[in-house]
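Okay, handing you the structure first.
By letter and in written order, the chains are A, B, C and D; residue numbering begins at 1 in each of them.
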Amino acid sequence: MANSKFEYVRHFEMADNMLPSTWLVVRIDGRGFHRFSQTHNFAKPNDRRAIELMNRCAIEVMKDIKDIILAYGQSDEYSFIIPKSSNLYSRRSSKISSTVVSLFASNYVMHWAEYFGEDKLQYAPCFDSRTVCYPNDKVLRDYLSWRQADCHINNLFNTTFWALVKSGMTEDAAEKHLRGSFSKDKNEILFVEFNINYNNIEPIYRKGSTIIRQKTEVTSISPRNGEEVKRIKLIPTAIYDDIIGQDFWDRHPELLAEKRR
Amino acid sequence: MANSKFEYVRHFEMADNMLPSTWLVVRIDGRGFHRFSQTHNFAKPNDRRAIELMNRCAIEVMKDIKDIILAYGQSDEYSFIIPKSSNLYSRRSSKISSTVVSLFASNYVMHWAEYFGEDKLQYAPCFDSRTVCYPNDKVLRDYLSWRQADCHINNLFNTTFWALVKSGMTEDAAEKHLRGSFSKDKNEILFVEFNINYNNIEPIYRKGSTIIRQKTEVTSISPRNGEEVKRIKLIPTAIYDDIIGQDFWDRHPELLAEKRR
Amino acid sequence: MANSKFEYVRHFEMADNMLPSTWLVVRIDGRGFHRFSQTHNFAKPNDRRAIELMNRCAIEVMKDIKDIILAYGQSDEYSFIIPKSSNLYSRRSSKISSTVVSLFASNYVMHWAEYFGEDKLQYAPCFDSRTVCYPNDKVLRDYLSWRQADCHINNLFNTTFWALVKSGMTEDAAEKHLRGSFSKDKNEILFVEFNINYNNIEPIYRKGSTIIRQKTEVTSISPRNGEEVKRIKLIPTAIYDDIIGQDFWDRHPELLAEKRR
Amino acid sequence: MANSKFEYVRHFEMADNMLPSTWLVVRIDGRGFHRFSQTHNFAKPNDRRAIELMNRCAIEVMKDIKDIILAYGQSDEYSFIIPKSSNLYSRRSSKISSTVVSLFASNYVMHWAEYFGEDKLQYAPCFDSRTVCYPNDKVLRDYLSWRQADCHINNLFNTTFWALVKSGMTEDAAEKHLRGSFSKDKNEILFVEFNINYNNIEPIYRKGSTIIRQKTEVTSISPRNGEEVKRIKLIPTAIYDDIIGQDFWDRHPELLAEKRR
């Protein structure tokens, strides 16, 4: 059949398998989300609906791709963690990256209305993604710490910036006012000028969202006798903990455990 | 700031730039579309709505990513062609792959209702993608020929298979009936048993869909004087031509031209 | 200057840095060493001169490239171990591979006469090399165990095979005689037919050669007063230990230690 | 056998095949050749013996690896050209790079005495190598032009620099004297101050060395009747032509021809 004569072009596809026995991190990032957030009137400094939609998408991705053991999200980005022992898609980088990002993007549109109600989605969102190897637990934790520290830095800045702007300062003036300031300066401004104790701000904003599979009681109706059945299932659930410190990892020892179910 | 101490993890991100001066092909493929097409009652052998939705998504991708000069789609796959001279995202493989596939996926959900009306989307679709280098025009054309030949083979098989099934044969029996058959056998079955001349079937099914930027007259209303203004713009448009033969390329010499606008 | 107009070709050189924080193993292999060993009348099953020349080359490589902490060799192959913390040549794969292999090859010719005396080198030897990442200590040790187990298997086979051949069997007959035999069968043949206790064979043949930096007393003459000066230096030295078991690693804890001088 | 339990470590070896249908260029570079040339008292600005030894090594590499169609060398570097159609070592990058560089290095030592006579080789030389894809004839030619332009620039500088130094200037003063000078300035210095017409300098210095397979009459003695037999063979031979201009390629059309023997 004529096909065979063209099939040789397959040999131009290069292997892109990731190194075995390393943590895989798929990070997706919103493309052009500055404009996207303006078009859709996202609240400043944080839009609760937008965050919860991001979390919902991450949960849907984790429901679909069982190899993901944890996801961490903040702002318009999400990182998905696949364990060292996983052989998901033979660890092919583009297969993993593209599956995660397309699931995320399609779920974003799918569930938009549940979070934004009457505020219509104006155009299709876009995310990029990449898959990175982290060879040991320490660098994996440092990766997650990097993202959570980034969340903290940005959120403290944004909280202070928008407080200034809402109080009447121009965006330019607020920008200049905060240039070169340290964390303690911003904490001070918030406290003194706006009576805001930054540490009392909701953790979802300060810490970002971590999705892990939590033991959850699930109630279903038995098809046999119509009775309620309660079972414990592992359900991806968003929490807003500090994941930089040791505590979180002590409370969830299964995350870094070598052996998996 | 604490951030810097973790930032070293960036160095685990490896460069994945594609070789310069080669054609880049991003191919996306529906994941689990057999189940997806059953859940959504796609017509057999071809669902016109599903094809037109795929084409719409490809058009939206091309409207967004100007570097793509041609897209070819059939079944649940689409290939996007980026010229040798392009420096899109510095030719980073994962950036290109993920941007294209997430745009495609989010548009798929976004525009579903325009094509499927009351038939609701049951769950979020998923596509994978990869980016492949093709170093010269011949192998690029052979790549596209490979996909179009594949379209032909599958469509001829599916058309015959579903004609048999609709006439009362079980799927198993139809499968066995066609096993080992040649193109001419299937053409014969269609003609003799079902009075179908395969070559008269609509090109969109036999040839798949090719999206190119066609000169199109666009009418707009001048904001100055309210008069109609007609302009020629290049609009991504689906055609259903044979792209294996030389004719198509002679008619569109700009596609393979070295110099671009 | 005319140069600049061509210099763009540099952009076709792709990055090939190896993942940070992983063990790097450079393995070199003799190309066509079956013919090479015949041309140069290597003794069978093992040629002491050839082994010592290989070890010498490995030692010279280690004297030159200080990042290598251990080398393991057997037959016509050698593996060089570079620690996780090393940033040798920015961890560029081809730079590391090629530097090691070319140093090894040039030293092989350079020192040939010291080991082979009157037996002239007939033609230039050739080795290939590759660099592989191993993400943790366990897989690194398993890699080295793999090579030493391979040494054992081959040496036991070769020792038995050549004993049979030297006793009058044809090579074909010896081959057939040993086909499908287990280790204990070969041990038995050696013991019963040739009165050889395999375990008494010199470790250099059974275990291969491991080069590590040993503390060595070095005597030099002071240029100031002409007196002898004794100092302890770390000198790459061949030993013939078992490196599969835990003992070796307990005796040399610095090899797997995270912190390096 | 115990081997199998460790053999899994093979899966850490990643594929590194080069894109099909592209020119492969293996470039080797002397490591630390500044010191090497001083230790061995290379003549300045060019050491004829060193150049001819480099050429000899390149010829030996080409005699061994038949896929190489051309090699170009200057200073302490050599580039080997492998055609688009070649499937040498399945186009594995490290296999190709390492084989070429180790052959080159071992031949360098092997043939040293033929060119340097009594001047003994003091230590083993080292070269690095890399393999780069060039997707079409133009970029391949531009690559070679880049190297030959580099040869010209360096040789003109070195010729002028060493003329100044030999005439009594210190190296520092000569360096300063030439800083920022153009080609015509250096040509002028050579002509006016040293009565040297740069264009009359031997092409081997100005153009570097190109090795191609030249039809050569080879005489051998027939073993049958003891008579002389003359045959035409393709023998790798050094020439010193301009390879930037079109002429060279017109005279050797087989080099860029698609079809090969």
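Observations on the structure shown:
Please note the rule applied: a contact is a pair of C-beta atoms (placed from the backbone, for glycine too) under 8 Å apart; a residue touches a chain by one contact, two chains touch by 3 or more.
Note that this is a predicted model, so its numbers are computed, not measured.
Traced through touching neighbours, the fewest hops from chain B to chain D number 1. Chain centres were defined as the mean of their Cα atoms; on that basis the chain farthest from chain C turns out to be B.
Contact tally for A-D versus A-B: the pair with more C-beta pairs in contact is A-B.
Rounded to a whole number, the gap between the C-alpha centres of chain A and chain B is 30 angstrom.
Distance from the chain A centre to the chain C centre is 47 Å, each centre being the mean of its Cα atoms. Computed centre separation for the pair chain A/chain D is 52 angstrom, with centres defined by C-alpha atoms. Multi-chain contact residues of chain B (touching two or more other chains): 12, 14, 19-21, 133, 135, 139. Those residues of chain D lying in contact with chain C across their complex are 1-3, 6-10, 12-14, 16, 28, 31, 60, 64, 93-95, 97-99, 101-110, 121, 123-135, 139, 142-143, 145-146, 149-150, 152-153, 183. Looking at the complex, you find that chain C touches chain A at residues 19-22, 84, 133, 135-136, 139. Chain A meets chain D in the complex at residues 11-12, 14-15, 17, 19-21.
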